[in-house]
Amino acid sequence: MKNIAVYPGSFDPVTRGHIDIIDRSYKLFDEIHIVTFINSSKSYTFSEDERVELIKKSLIEKNIPMENIIVTHSRDLVANYCKNVNASAVIKGIRNTTDFDNEFSQALLNRELVGIETLLMPTSTIFSFVSSTFVKNVAEYDGNISDFVTDAVENALKIKNADKPLVC
Amino acid sequence: MKNIAVYPGSFDPVTRGHIDIIDRSYKLFDEIHIVTFINSSKSYTFSEDERVELIKKSLIEKNIPMENIIVTHSRDLVANYCKNVNASAVIKGIRNTTDFDNEFSQALLNRELVGIETLLMPTSTIFSFVSSTFVKNVAEYDGNISDFVTDAVENALKIKNADKPLVC
Amino acid sequence: MKNIAVYPGSFDPVTRGHIDIIDRSYKLFDEIHIVTFINSSKSYTFSEDERVELIKKSLIEKNIPMENIIVTHSRDLVANYCKNVNASAVIKGIRNTTDFDNEFSQALLNRELVGIETLLMPTSTIFSFVSSTFVKNVAEYDGNISDFVTDAVENALKIKNADKPLVC
Amino acid sequence: MKNIAVYPGSFDPVTRGHIDIIDRSYKLFDEIHIVTFINSSKSYTFSEDERVELIKKSLIEKNIPMENIIVTHSRDLVANYCKNVNASAVIKGIRNTTDFDNEFSQALLNRELVGIETLLMPTSTIFSFVSSTFVKNVAEYDGNISDFVTDAVENALKIKNADKPLVC
Amino acid sequence: MKNIAVYPGSFDPVTRGHIDIIDRSYKLFDEIHIVTFINSSKSYTFSEDERVELIKKSLIEKNIPMENIIVTHSRDLVANYCKNVNASAVIKGIRNTTDFDNEFSQALLNRELVGIETLLMPTSTIFSFVSSTFVKNVAEYDGNISDFVTDAVENALKIKNADKPLVC
Amino acid sequence: MKNIAVYPGSFDPVTRGHIDIIDRSYKLFDEIHIVTFINSSKSYTFSEDERVELIKKSLIEKNIPMENIIVTHSRDLVANYCKNVNASAVIKGIRNTTDFDNEFSQALLNRELVGIETLLMPTSTIFSFVSSTFVKNVAEYDGNISDFVTDAVENALKIKNADKPLVC
């Protein structure tokens, strides 16, 4: 039986912190699904297709072999997606205790719903403060984000910000 | 003098975690008030009347005796409500350190405002990941929520979701 | 039926923080037991009798009425003590998330063992940093501890330290 | 070389907790800049000019000498502002672990962006639960906020609330 | 290449919480090593051989298939052990933020030392408060520990406590 | 008036994490005192003189200018030492929420005792998991500690471990 892991997230957009988690975890499983989910109460900077595309481009840019990696989006519950693809584990990166509290509750919920396990992976120290929100905030002010995202994402954010009316 | 406790919350909607707190705390006091409050910066799925109604129905469903339990809603500050009914304590359930930080600050504020004490009660382990937000999110995708809410709430959520336009 | 609470601790020695918890909680119950317990893996500065004595003297010094307060020591488990006296709740003060993690686990254990509830009470802000360990450490260097402990405890610590060989 | 610190925030509005941080930190530096920043995803109760004005009035009310204190607003990144004024440190108050997680990430980001250090200062215990959000919430219900904000801010909030349509 | 995980610990003695982690994780890997380590600054209730023996007996008692499970002890660093057996991951259970802080630091250290990844697994809610220390403490007072440990461990603790001089 | 900071600690032994805090903070003050303190309930690997010596050697090794840096030891309370040298601030590094809880309480105590402020400085990410205890533990097993301590400390630990009887 194949050992399948699911790495769910907003990935709005994917950061070097996310890519690092993928790079460190894909060897531990026969197949890994990187899946963008949507939360009806949030609004997103990038569309689902754009988010998937930026993940793919970032993985290629970082020379991560794509054979056993599936990148896709879903409008279902994380738990349901996992059940449908017969996954044995959810992978999540954690940076601090606030992340931990969130992921802990989410992990218990998913286990209750479909019996899926969650494996929490400490973020690499150099990415411990990187989040999609921080990256977008810095990009909005033309700050340098090349340490936090791949070139593909940096360019995509430049285009988004060029289209946007100025703050104030 | 009667020993009165107030259990404040959004209860949007009430979960089995909330009911568990009520079930464990009502015997410790002569009277307990379960009160839905509103926060002008939040939007709610259920109206105040609906939330009160669902609490009442859930208590009956769980066979909790209603003699010394008052279920109501308020548009005042929690602190003011407590003072008006001469309460000696606020009751709150806590699941993790994020809850703890929030409730700790709120407890100190309420004590400063009207001298009321707050008693924090650890959530039962089996409900430690249950929140109104999680429940609504699962229900939105037709996930099974019967372990997390009473039948009354499950039905009410089904009706709400049937009325709602589809996500996307 | 009498509503009995147990406030367990090392109380080695009792601080103004502990007294504050007693002062704020004794009115919420018909009877409150303040009980010093021993942990076989710890060593104590004061004997069980001394610790009980210092609690009693401190309560008198602070004019807290003793009618419904029992101060005693026990060599049993907290859970067993509670069951034996028919207590309905354990009271504990909490200062921060480290306290919270400890008391949360202990509360769940005690509930599992004998069905007793635990009510966690936020420490008053002015005592949020006071602990028996801090007090003893400051006293060892002849620092001023009168804001942190009653006169009875301050004197008892002076005598203890006079008897002790100098640090180094 | 002058030792310059920047104290950034929303200050919407400034509280006695903020003023306390300023009062305790301005002596440690040759110059301190108190700067209101804006976050394009938040909405504010007070305009940038009002927030700056309320900080100035509050400092005067508390008799804090203004010689080496600059109060201003910025629409840049905190990191960029610091670099532009040649600051050697960012000052932030912290109340609890949730604050800590936020400020820790922000501190690491700012250091990465422009090499600026962040010094975290524990809030005074008596203000440990005071936040702009709490203050506005209490004011909305005509609660007494004079322990939490200066007279200038109290009056400004009264005027704001008089202008506002009633909650529901 | 075989995917090997190491589950390190004191296991002094193994609890149902540990067994639960093993039961949930062994299917995710081709081989799992459960290894008791020693910390020269700690003293232990059970010898290394006894701890290994109790893990084995507990796994059999719980009908966990032993084909791909190795139970052993080591006097090396966790990181070195992992490198020697060519492990790809360390598995650890976490119950709360205190656990998280410890395991996070340990995970970063091990990764720095030998490049090994650590996967943190949330403890099942029903075991969230169970620790070897709690279990030994309850057993010392003849409390009922059958919900927390296997029969093998319960008996072993009874024998240990019978041999021990009474507390006080 | 000179702006003096005190950086207190066990420094048993000093790590690259400590040196990093010194390197980042000494420019913010006119004078910085690095002071090893003793806690009568702890036992130390290095004597007070050795610890002071290793700090000095490490600073020289890292080319940190010593003009305004005083390295010494004290057997007084941190608060008293600060008062005696007319310090305006205590500096402490923090790595996570457990550190934060400890330092927060200590900071409030020191402020209460002698009015001294404490400035908490986030540890650099690359040292976020480094502690004296970890370093000694790794050294005990001949692990490579050169990323965590200076050459001076590495050599001193080798000599200590050579003198020590083997573990077990």
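Letters are used for the chains, namely A, B, C, D, E and F, taken in the order the chains are written, and counting of residues starts over at 1 for each.
Keep in mind that, in the parts below, a residue touches a chain if its C-beta (ideal position, glycine included) is under 8 Å from a C-beta of that chain, and two chains touch if they have at least 3 such contacts.
The structure presented is a predicted model; accordingly, all values stated were derived computationally and were not measured.
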State the smallest step count from subunit C to subunit F, taking one step as a move to a touching chain.
1
Among C-D, C-F or A-E, find the interface that matches E-F: by residue number, over half of the contact pairs should be common to both.
C-F
Indicate whether more than half of the residue numbers at the subunit C-subunit D interface occur in both copies; give same if so and different if not.
same
More contacting C-beta pairs: A-B or A-E?
A-E
Go ahead and note the Å separation of the Cα centroids belonging to subunit A and subunit D.
33
Report, in whole Å, the distance between the mean C-alpha point of subunit B and the mean C-alpha point of subunit E.
38
Contacts with 2+ other chains: residues of subunit E
96-98, 101, 104, 107-108, 125, 128-129
What are all the chain pairs that meet the touch criterion?
A-B, A-D, A-E, A-F, B-C, B-D, B-E, C-D, C-E, C-F, D-F, E-F
Which stretch or stretches of subunit E touch subunit A in the complex?
3, 24-25, 27-28, 88-89, 94, 97, 100-101, 104, 107-108, 117-122, 125
Tell me, which parts of subunit C touch subunit E in their complex?
38-40, 75-77, 79-80, 97-98, 101-102, 104-109, 112-113
Of all residues in subunit D, those that touch subunit B in their complex
95-98, 128-131, 134, 137-138, 140-141, 143-144, 147, 167-168
Could you pull out which subunit B residues touch subunit E in their complex?
96-97, 125-126, 128-129
